[in-house]
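First the structure, in the form of structure tokens, and then the observations on it.
Order of writing sets the labels: A, B, C, D, E and F. Residues in every chain begin at 1.
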Amino acid sequence: MLDRPATSIRFRRLLLTGAAGNLGSELRPRLKAYCDTLRVSHRSDDIAPAGPGEEIAVADLADKAAVMAMVEGVDAIVHLGGVSTEQSWEAIRDANISGMVHLYEAARLHGVRRIVFASSNHVTGFYRQDQVVSSRDPVRPDGFYGLSKAFGENLAQLYWDRHGLETVSVRIGSSFAAPRDRRMLATWMSYDDTERLVAAALGAPVVGHSIIYGMSDNATTWWDNTPARHIGYRPQDSSEVFRAEVEARQQHVDRGDPATLHQGGMFVRTGPFFDEAV
Amino acid sequence: MLDRPATSIRFRRLLLTGAAGNLGSELRPRLKAYCDTLRVSHRSDDIAPAGPGEEIAVADLADKAAVMAMVEGVDAIVHLGGVSTEQSWEAIRDANISGMVHLYEAARLHGVRRIVFASSNHVTGFYRQDQVVSSRDPVRPDGFYGLSKAFGENLAQLYWDRHGLETVSVRIGSSFAAPRDRRMLATWMSYDDTERLVAAALGAPVVGHSIIYGMSDNATTWWDNTPARHIGYRPQDSSEVFRAEVEARQQHVDRGDPATLHQGGMFVRTGPFFDEAV
Amino acid sequence: MLDRPATSIRFRRLLLTGAAGNLGSELRPRLKAYCDTLRVSHRSDDIAPAGPGEEIAVADLADKAAVMAMVEGVDAIVHLGGVSTEQSWEAIRDANISGMVHLYEAARLHGVRRIVFASSNHVTGFYRQDQVVSSRDPVRPDGFYGLSKAFGENLAQLYWDRHGLETVSVRIGSSFAAPRDRRMLATWMSYDDTERLVAAALGAPVVGHSIIYGMSDNATTWWDNTPARHIGYRPQDSSEVFRAEVEARQQHVDRGDPATLHQGGMFVRTGPFFDEAV
Amino acid sequence: MLDRPATSIRFRRLLLTGAAGNLGSELRPRLKAYCDTLRVSHRSDDIAPAGPGEEIAVADLADKAAVMAMVEGVDAIVHLGGVSTEQSWEAIRDANISGMVHLYEAARLHGVRRIVFASSNHVTGFYRQDQVVSSRDPVRPDGFYGLSKAFGENLAQLYWDRHGLETVSVRIGSSFAAPRDRRMLATWMSYDDTERLVAAALGAPVVGHSIIYGMSDNATTWWDNTPARHIGYRPQDSSEVFRAEVEARQQHVDRGDPATLHQGGMFVRTGPFFDEAV
Amino acid sequence: MLDRPATSIRFRRLLLTGAAGNLGSELRPRLKAYCDTLRVSHRSDDIAPAGPGEEIAVADLADKAAVMAMVEGVDAIVHLGGVSTEQSWEAIRDANISGMVHLYEAARLHGVRRIVFASSNHVTGFYRQDQVVSSRDPVRPDGFYGLSKAFGENLAQLYWDRHGLETVSVRIGSSFAAPRDRRMLATWMSYDDTERLVAAALGAPVVGHSIIYGMSDNATTWWDNTPARHIGYRPQDSSEVFRAEVEARQQHVDRGDPATLHQGGMFVRTGPFFDEAV
Amino acid sequence: MLDRPATSIRFRRLLLTGAAGNLGSELRPRLKAYCDTLRVSHRSDDIAPAGPGEEIAVADLADKAAVMAMVEGVDAIVHLGGVSTEQSWEAIRDANISGMVHLYEAARLHGVRRIVFASSNHVTGFYRQDQVVSSRDPVRPDGFYGLSKAFGENLAQLYWDRHGLETVSVRIGSSFAAPRDRRMLATWMSYDDTERLVAAALGAPVVGHSIIYGMSDNATTWWDNTPARHIGYRPQDSSEVFRAEVEARQQHVDRGDPATLHQGGMFVRTGPFFDEAV
């Protein structure tokens, strides 16, 4: 947790979806600094009970009515919910595609002003690791998961263009305690930087629909965030302090492996396409 | 119908989906020139019976197994099927999102080499009518329908990047006998030009995943097809011959109406969003 | 004059400024096809008397009140008025800078919807003749005249952004009966094409503030009008029919002369800068 | 004042116009480090008397002869003079448009080599606050003031292209002791950074006509100065230290207000257009 | 041969190198229309004797003194000489690399004003056939031959930047009587269009160093010549008239073959790299 | 030397060519940290004897067989060898053009995976000092030396596209102990930063063919390395600490001198073109 809030903008009631997931658990205590009440939601009641200033909302994103209830009364949403790995098409469709439609319709009907949407670097995972990409480049998803996140971004664009609902789509790299392999030297975003980015996305006066890659100030960089500087995110951490250790552990890479060559890493060759079931 | 085929490339068996729709009915007799057998499919059996060189395949796109059967044995697909107007989210999701996944999985498993996908100008419908857009610009869908077509294009990109399945995504403007209003002076594509475009997309030696706007050689143009010239489409018709009549009928436009200002026309303000049902 | 109007859109009352100038005299009879009443204005009463369907308005552009009266009651304006050559700074300032402010304020206050503004290729006259320029490139005026036209375009942009007043700024090349020298093989716009362009600019449903280079379909081209295709202008003439004669007359060019090297031609080295008066 | 000069390049005689204005008063003592003699000018004699190494020149920019005298004998000019807010068209025309022509003609005739021109972010004030703009993007002035600054930049370009007179046009954001509101978290430039920028602009060996946005190293950034890195300006300050306080004071913004949405802030909706006088 | 010259600009003495090659033999009679004397050169005396208005110059490009003599007294050069297929590195180095240096030094020393250089589409042969490329994209040569042509273009750029010697580099596609395969439907340039292009390149008043792709007005197009429109080349022929026949002959392409996928065709996998000799 | 290696990736055997040159001598001791054995080569035996972990290879780059032997058995190459100043065409051709072909053929045949190629800023030396250039801009070499380096980059691109051999082309600015003049305030790269860059180029998992400008983190910057951020180079030094001294020594520059105006400095007007020998 940062020693002081990254922004002084405070919300009355903030909704955090996916609050029991890996990243959700990390952000849950941090987001309290930015609101009076933090509503934390998860798809089941397998979530830590409400602490002070918290309230729990259980909702399956595929359930339109439950989502409508979950969203009622909140000012802004940090949407981490849904499937975050390559899973079956049906799981991804229900949580990440229909779920996003439910969430945005609910937000529109309840007058929510802004959503911070956890998109993913897998939206552009089929670019090579020797390319530097910005949000202005065409998407190249690396699987059904990335495809669903591209859908989410386009939905956010639609709700901005048509309904004036603002979104910051964060193409999260790898938000972990530390980079786990050489790929993550590029994609890593520290938890503190993740808080900084979410806070900036919540606090900026005007965002329309903005897309930003979620990464720390890493020396190795695949993404150019120039078009998103208006959000005010300045990372303070860097994967560089882990380089020696990570490289020592992984001296060799297999350049014949698509996972080595592409930004999406393992995602470019995993996932339950239908043939597994045929 | 053109007096001779636009390409000499012939397929053994070609699948035309959506064959009983407006555009499908127009293309059905034309596509026979490009294949030995034309398999025509529709979501119900409300379709004209098979003529010489034709075979019928009834399949609901939302039905994975039916789609698998429909695709078996074809060399290439002209995919017009699915919802082509702004309808309920569920209808669009089933036919245009899940339906596309079904179609591409089936095509991949059955070794189909190329798909001509009827995408739509509504993928970029929220650009203004005083802007000239190309396929390199970010999408700005104007509703659930446009959103589903953007999903389809991204899916096509994924199957090219990952599986080598080729697609030409055609962002069809207005394929009708004649332009009906001043907007269509820009968006109109004659039936003959539609055939030319589909033939070029089928016959080009290499297309990867290419995106092209489907329009005739209209004087008023919102779309720049420079990045798609490798497909070899050269429109021969123009909406200009209809200008005097169309403008005489519609002297005035309401510049306060979003439908006047944006490329998507009426689509930018129609459609059964959930609130109609709330 | 075209054998039939280039657009069927008709205005009740159209204002043509600079109507006694070279180009104004050519357009005056042509514009009658596009309106019930053509108000023709000039800075003095040295102008041919009103014919059928015409009315005369004498106004010096530097005279705010006179401009206000001139504009009252018109639907749209074709603004050719002002200085059209390199003259003294004061003359250009009064007619082309203050005059433009007067005109746009008058148009705003009187509710005029659209202005076709005769800008000039001299706005970008300092690009070289071996460069192809579009309206998206930075301006490089070649003198006070070009500078004043750049001012006019920026003013038009301001009135669109702030007041919703639409303008098509036409960067006219050389609108003459025929190209006079090798430079004009690139810059020439026939009178018929000039009418086509003005008609398209008047008739297009939505233009915001659009910038277009005014030229015929010349083989030699310095300007890329791709960003302005939405206006619907398609030139039908070409300087090519004059090439043999023009080149025979002017076999040699002096490549040491800035006028040879730059698009602005003679303008890049003429004009009464103050030193002439010092 | 910096503890040592930002550049070692010294001028014999430097002219500072607008020396009695807000920013002029701040720069006046700072610029002494960069010249033997600092000529300070103002439009009236309401200016602090000459100190050591200073000389006073009173000149109204609208007065051609006075400007000619003011410029005589100087090596370089830091031009802050003229109107710096939205005022009447006539005031802006005289000081910022005619005044600029007078200044540049005088500089050309007297052989001045370089001018640092205080342009303004209001040249592009009609871009939205969720856009990142560079000097390569088309101008979108937000009023007569911004329009006059765009004129000044184009004039500077003309004098470089035609006469070899060099200019750095600085699109100043908000040069104040501290940011006053949330907009200024993006636009703020500290006085020290302002000195750094002016010094870099004066000292760089070659600048032609370069445009740079004047801002500190703020986390929230609307402007991309990549094309101007050759000038050598590296800001050392940041608005970030003021964020907590500024945001606490201004928790809410009115997103229905054009001043909130656009980079120009209040300028996009203020100013004595003629209707106030009608 | 065209029924009349494509330009009226005439040269006193024009040099055509490579005059006994395939394309040289075709251009030799055509170029007489553009000069008083046509000097035709070849690397050996195996060349048809001089006709009226012709003179012969035998010179090996690798022989500096011979090249110097060959160039003496000419006004302009059409340089087709050198190796035009993938050959040994030494052959390409001597004729296309050293030979180009010899030619340009000779041209500079003898005051030649302009060279039309037969570059090649193989300079960008490693782009895919589903990409549209312009001269502004980075080069991607497909072998030693393409590499040598890229060298030649860079040399031409150097001589323009440094010595004011003008060049039009023509990236010739396939200049044959008719397209021979499906690749040539994109790359074909008729002999008449070749003459038109060479004439335009010789006759344009100012070219600096310009790069243009040499192709007819083919429906299938890989190259965007927008940046070269100032040269004034307008192709009149099209490969489309050969499409039916060419496609009928070559129904199938092998998409696993790099020669099918890339613009360079067979060149991307042929050529005597050293290993053949190891 | 850095206090610890910039990357933990180690090679079994690394080849350093040009090891006895200025920069080679500086890098020779530094590169030992990145390999078990450092093979150091020079064109003659005028090179310091092998120290621990070193082996010597003498080879003239123009000698194909010698180069083949030199490359045998190495994992990667840092290629500084060849001519590094403007010399006679023959010297540059033999060492930098034929020499590069020999080196890449040898590397391909011996299975070398990666080359770090010392290219030069003189590849783009004819851009002006008021321009900011990236590797995506067309090359503009300033002499035969720059031309040979452009050739080397294109060769590297060919070997990547065709043979999968990876290269990082480093367009070295000025790698010296300190900047020597005002031009070097922009172009300087400290020896430590040079080591950082070479280490990053060797250690990055995937580079394809990447081009990066070699410079420290200088305030004055002509080059935009955004497209090369994936390499992971972060300079730590800056020329700024030398500014006061350098500028004091060189108060004045001659703006009439091409060497002042262009990025290549003196190179734009030096070099033994043939006329010196005529």
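The criterion applied here is as follows: contacts are C-beta pairs under 8 Å (C-beta built on N, C-alpha and C of every residue); 3 or more make two chains touch, one makes a residue touch a chain.
Which protein is which chain? UniProt says A, B, C, D, E, F = Uronate dehydrogenase.
Computed from a predicted structure; not experimentally measured.
Starting from the defined contact criterion, work out which chains touch subunit A and subunit E both, please.
B, F
Given that subunit B and subunit C are copies of one sequence and touch, is their interface built from the same residue numbers on both sides (over half shared) or different ones?
Both copies, subunit B as well as subunit C, present different residues to each other, with under half of the numbers appearing on both sides.
Does E-F or A-F have more contacting C-beta pairs?
E-F
Centre to centre, by mean C-alpha position, how many angstrom separate subunit C and subunit D?
32
Roughly how far is subunit C from subunit F, centre to centre by C-alpha average, rounded to an integer in Å?
The computed centroid separation for subunit C versus subunit F comes out at 52 Å.
So how far apart, in whole Å, are subunit C and subunit E when each is placed at the average of its C-alpha atoms?
Measuring from centre to centre gives 40 Å for this pair.
Tell me, which residues of subunit C touch at least two other chains?
Those would be 226.
If each chain is a node and each touching pair an edge, is that a line, ring, star, complete or other?
Graph shape, chains as nodes and touching pairs as edges: none of the named types, so other.
Once the touch criterion is applied, which pairs of chains come out as touching?
Pairs flagged as touching, ordered by label: A-B, A-D, A-F, B-C, B-E, C-D, C-E, D-F, E-F.
Give every residue of subunit D touching subunit F within the complex, in rising order.
Where subunit D meets subunit F, its residues are 4-5, 7-10, 113, 200, 203-208, 210, 226-234.
In the complex formed with subunit E, which residues of subunit F make contact?
Where subunit F meets subunit E, its residues are 64, 89, 93, 97-98, 101, 105, 108-109, 126, 136, 138-144, 146-147, 150-151, 154-155, 157-158, 161-162, 268, 273-275, 278.
Taking the touch rule as given, give the residues of subunit C at its contact with subunit E in the complex, in rising order.
Of all residues in subunit C, those touching subunit E are 128-132, 182-183, 185-186, 219-222, 224, 226, 240, 243-245, 247-248, 251, 253, 255, 260-261.
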